[in-house]
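I'd like to ask some things about the structure below.
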Amino acid sequence: MAEPAGSAVVYGRIVASRLRGQLAYRTSFALDLTAQAIGQTIELFVIVVVFTQVSTLGGFTAGEVLLIFGLAACGFGLADLCVGQVERLPEYIRTGEFDVMLLRPLGTLPQLLSADVALKRVGRLGVGLAVYGWSLARLDLAWTPLRALVAVTAPLVGAVVLGALWVAANVVSFWVVDGREVANAVTYGSSFTTSYPISVYGPWLRRLMCYAVPGAFVAYFPALALLDRPDPLGLPVALRYCAPLVAVVAVLAAGALWRQGVRHYQGTGS
Amino acid sequence: MTTDRIISTDGLGRDFLVGSRLRRRRVTALRDMTLQVDRGEAVGLLGPNGAGKSTAIKMLTGVLVPTAGRATVCGLDPVRRRRELAHRTGVVFGQRSQLWWDLPLRQSFDLHGAIHRVPAAAYAQRLDECVALLDLSGFLDTPVRQLSLGQRMRGEITAALLHAPELLVLDEPTIGLDLASKERLRTFLATVNARGDVTLLLTTHDLPDVERLCRRVVVVDHGRVLVDDDLNTLRERFAGNRTLVVELTEPAPPLAGLPGVVDVGVQAQGLRQRLEFDRRTSAAELIADVARRVQLRDVAVDEPSIEDLVRTLYQRS
Amino acid sequence: MLAPYPQLIRAGYRRYAGYRQAALAGLFTNLVFGLLRAAVLAAVLAERGTVAGYDLATATTYVWLGQGLLAVVLLWGNTEFSDRVRSGDIVVDLGRPWDLQTAQLATDLGRAGAAVGIRLLPPIAVGALFFPFRWPAWPLTWLVFALSVLLGVVVSFAIRFLLSCTAFWLLDARGTMALWGASSGVLTGLVVPLSWFPAWAQAVLWWTPFPAVLQSPIDAFTERGDPLGLLAHQLVWAAVLLLVGRAMLFRGIRRLVVQGG
């Protein structure tokens, strides 16, 4: 069967060929990039405006909320860059391109993700990195090796969690024609929810986001680990370091859901 | 694992549920298709629109799960071992492209080669051969989206063959092409098949495709297989009468009353006449009979067209 | 010639009313974001009882109205018009015996009319049933609100029309649409009430047409500010933007004709 290393080379080549195509349209790319950056800045803007009116939100100060926001934005930006293509699934199904993917000796999800690379999403990631970096510097944290490890891996692990979440959400397009809107609600909803401390939300919404949809592990818990401060919700300290485990479970669940979706597609026809 | 039975289906069928939630009905797109295709064969799947040809192809390539019966292609279950099967088959859709739209054709080939792990030497050799036979050199570096339909189809077939598949499946490959392009494609496919290493399965509306390429024809209509037989045998069993076309030196009244002649048609004010005669009559004898009556300038014998053959088959179903 | 426009309104209405599944999907998004935004604003108000005159009821009303009006004003339109400009199909529309901008406006009004029932009422119902909700205290407010929504639709249409016209020059309006999509949430008062902004920002924004799209109708409903002034602001901007749109269309067509498409 397929050796992972060889497959990676193939996907790499596919992605490289898409990249070359992207950079050809300069102005369009610049505009899109700006739009992405602005889009990410909007929520930042909201936070800034909110903090002109209050001094704490959900038990966190402005600097702390910005750390959470920055971390979430990095995770979102990375996920968007790598997994963002999954939202085009309904389009590929409709045009018959998905059938073409079934005819290749490759997995359908990797093909979908590498089918195009929207470089413009770097705009979002850029804003995220800027805010995250600035927050880390400004907050004057007590650095330990563990904390440094968390600081570096949290965006990556967060991206994996979000990516798995999006794949799971977009699987709905195998069943429902207008699934994209629902999937987008999950995608952009997750961006929104992860940007704020979860202590802001009511108890049932929180339970949804801690356990069902593990958005809290993208930014909230890692931020608590970095800030080394008590959790206003009083949740176990161990949860702050559980993100990698959650990511693994999320990926497995998303993969299983995807396979189900493909099987359904093959079972019902286009 | 090589097997000589390339395609083997047993009662293959597919139902669809159509309609909105309130008015759902079950539509049978394909029913009870039992087909055996051996290595090296060239089989044409013929049928009108909606006959079930594309559904059959999808089930054979693992895109669709059968709701009845089984299919085995190259010894594999198409749905369960989709990726393995993809290495052994090449598929060309007339209306959907497997090439990368905005990349130069050559790069699409490269990617195909990489995806199928084709060794460099074999890849180069096969590519050169296809380039030569299909005359691709003029547009190898043109982006696929800028190619004409004919050029694109030549590209698609090349891409499908680069990994030396055991089975080449073509779904309406000549649709929309001009005559010259169709002929070039047919010649190429016939050459490839004649060498014995690639089995062909071809769906088409275009009867000359079948005449040129396929020794065996499977006719499908309304989801059912009407006939599965050798092309010549089909002609013998279902064919209509032949027609003798005579060109005369001077106009003559219709040549009626000749033995074996079923119908006489007159053209060009009597200068050309079409004499339909039954299968028991020998063309040579009929020509002699005609020559005794009038002076002939030229003669030709028309076989019954495949159109007639197929029409007869549809009518009988 | 008045003839085609009422029919266009009706056609716009019918067309939108037909997309039931898409509307449901859109409502789901509204529900999700309504919940999330309401939660954040509630958290802010938990720290401080009222902010800029917004108490909890007003804030949640603001959120649910915003979500409901989003589809009515169609803040983020589609690229149909600019696609037609890019492909050149626009000449077909121009050849018809109507005024193109008015025809598009008529269709959009019909669509908005259908959206009121399908997309505005459900979020209001959710807000009113499950959240603290501030209903209008005076009967006249309903009239002001209706007029304000109508004007909001027109202003939003005019903005979208203008942006689509950039396709005549840029070949592809997707970039400008993306920029509008990214920034409109803040500028129109969808994400945060504009009165929560610093004073200078509010002053600047109210010199632009953007608050007229969403903040104005919401303010009308929640009875903030002077209703006549609010409507006047919307009316003036509607007129100005429509006229600028006509001018852009005219120049755009001339460019198209001169350049040969």
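Should a chain be cited, it is by its letter among A, B and C, assigned in written order, with residues numbered from 1 in that chain.
Keep this in mind: a contact is a pair of C-beta atoms (placed from the backbone, for glycine too) under 8 Å apart; a residue touches a chain by one contact, two chains touch by 3 or more.
Predicted model only: the values in this text are computed from it and were never measured.
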{"item": "Length of the shortest touching-chain route, chain B through to chain C", "value": "2"}
{"item": "Chain ID, smallest distance between chain and overall C-alpha centroids", "value": "A"}
{"item": "Centroid comparison with chain B (C-alpha atoms), farthest chain", "value": "C"}
{"item": "Interchain centroid distance [CA atoms averaged], chain B/chain C, Å", "value": "56"}
{"item": "Length of the line joining the C-alpha centres of chain A and chain C, rounded to whole Å", "value": "29"}
{"item": "Intercentroid distance (Cα basis), chain B paired with chain A, Å", "value": "48"}
{"item": "Chain C residues counted as touching two or more neighbouring chains", "value": "none"}
{"item": "For chain B, residues that touch 2 or more chains besides their own", "value": "none"}
{"item": "Footprint of chain A on chain C - complex, ascending", "value": "21-22, 24-26, 28-29, 32-33, 35-37, 39-40, 43-44, 47-48, 51-52, 170, 172, 174-176, 178-179, 181-183, 185-186, 191-192, 196-198"}
{"item": "Contact set on chain A toward chain B in their complex", "value": "1-2, 6, 9-10, 13-14, 17, 21, 95-97, 99-100, 102-107, 263, 266-269"}
{"item": "Contacting residues of chain A [partner chain C, same complex]", "value": "27-28, 30-32, 34-36, 38-39, 42-43, 45-46, 49-50, 52-58, 176-182, 184-186, 188-189, 192-193, 196, 199-202, 205"}
{"item": "Residues of chain B touching chain A in the complex", "value": "14, 16-17, 55, 58, 61-65, 79, 82-84, 86-87, 91, 93, 95-98, 100, 102-103, 107, 110-111, 114-117"}
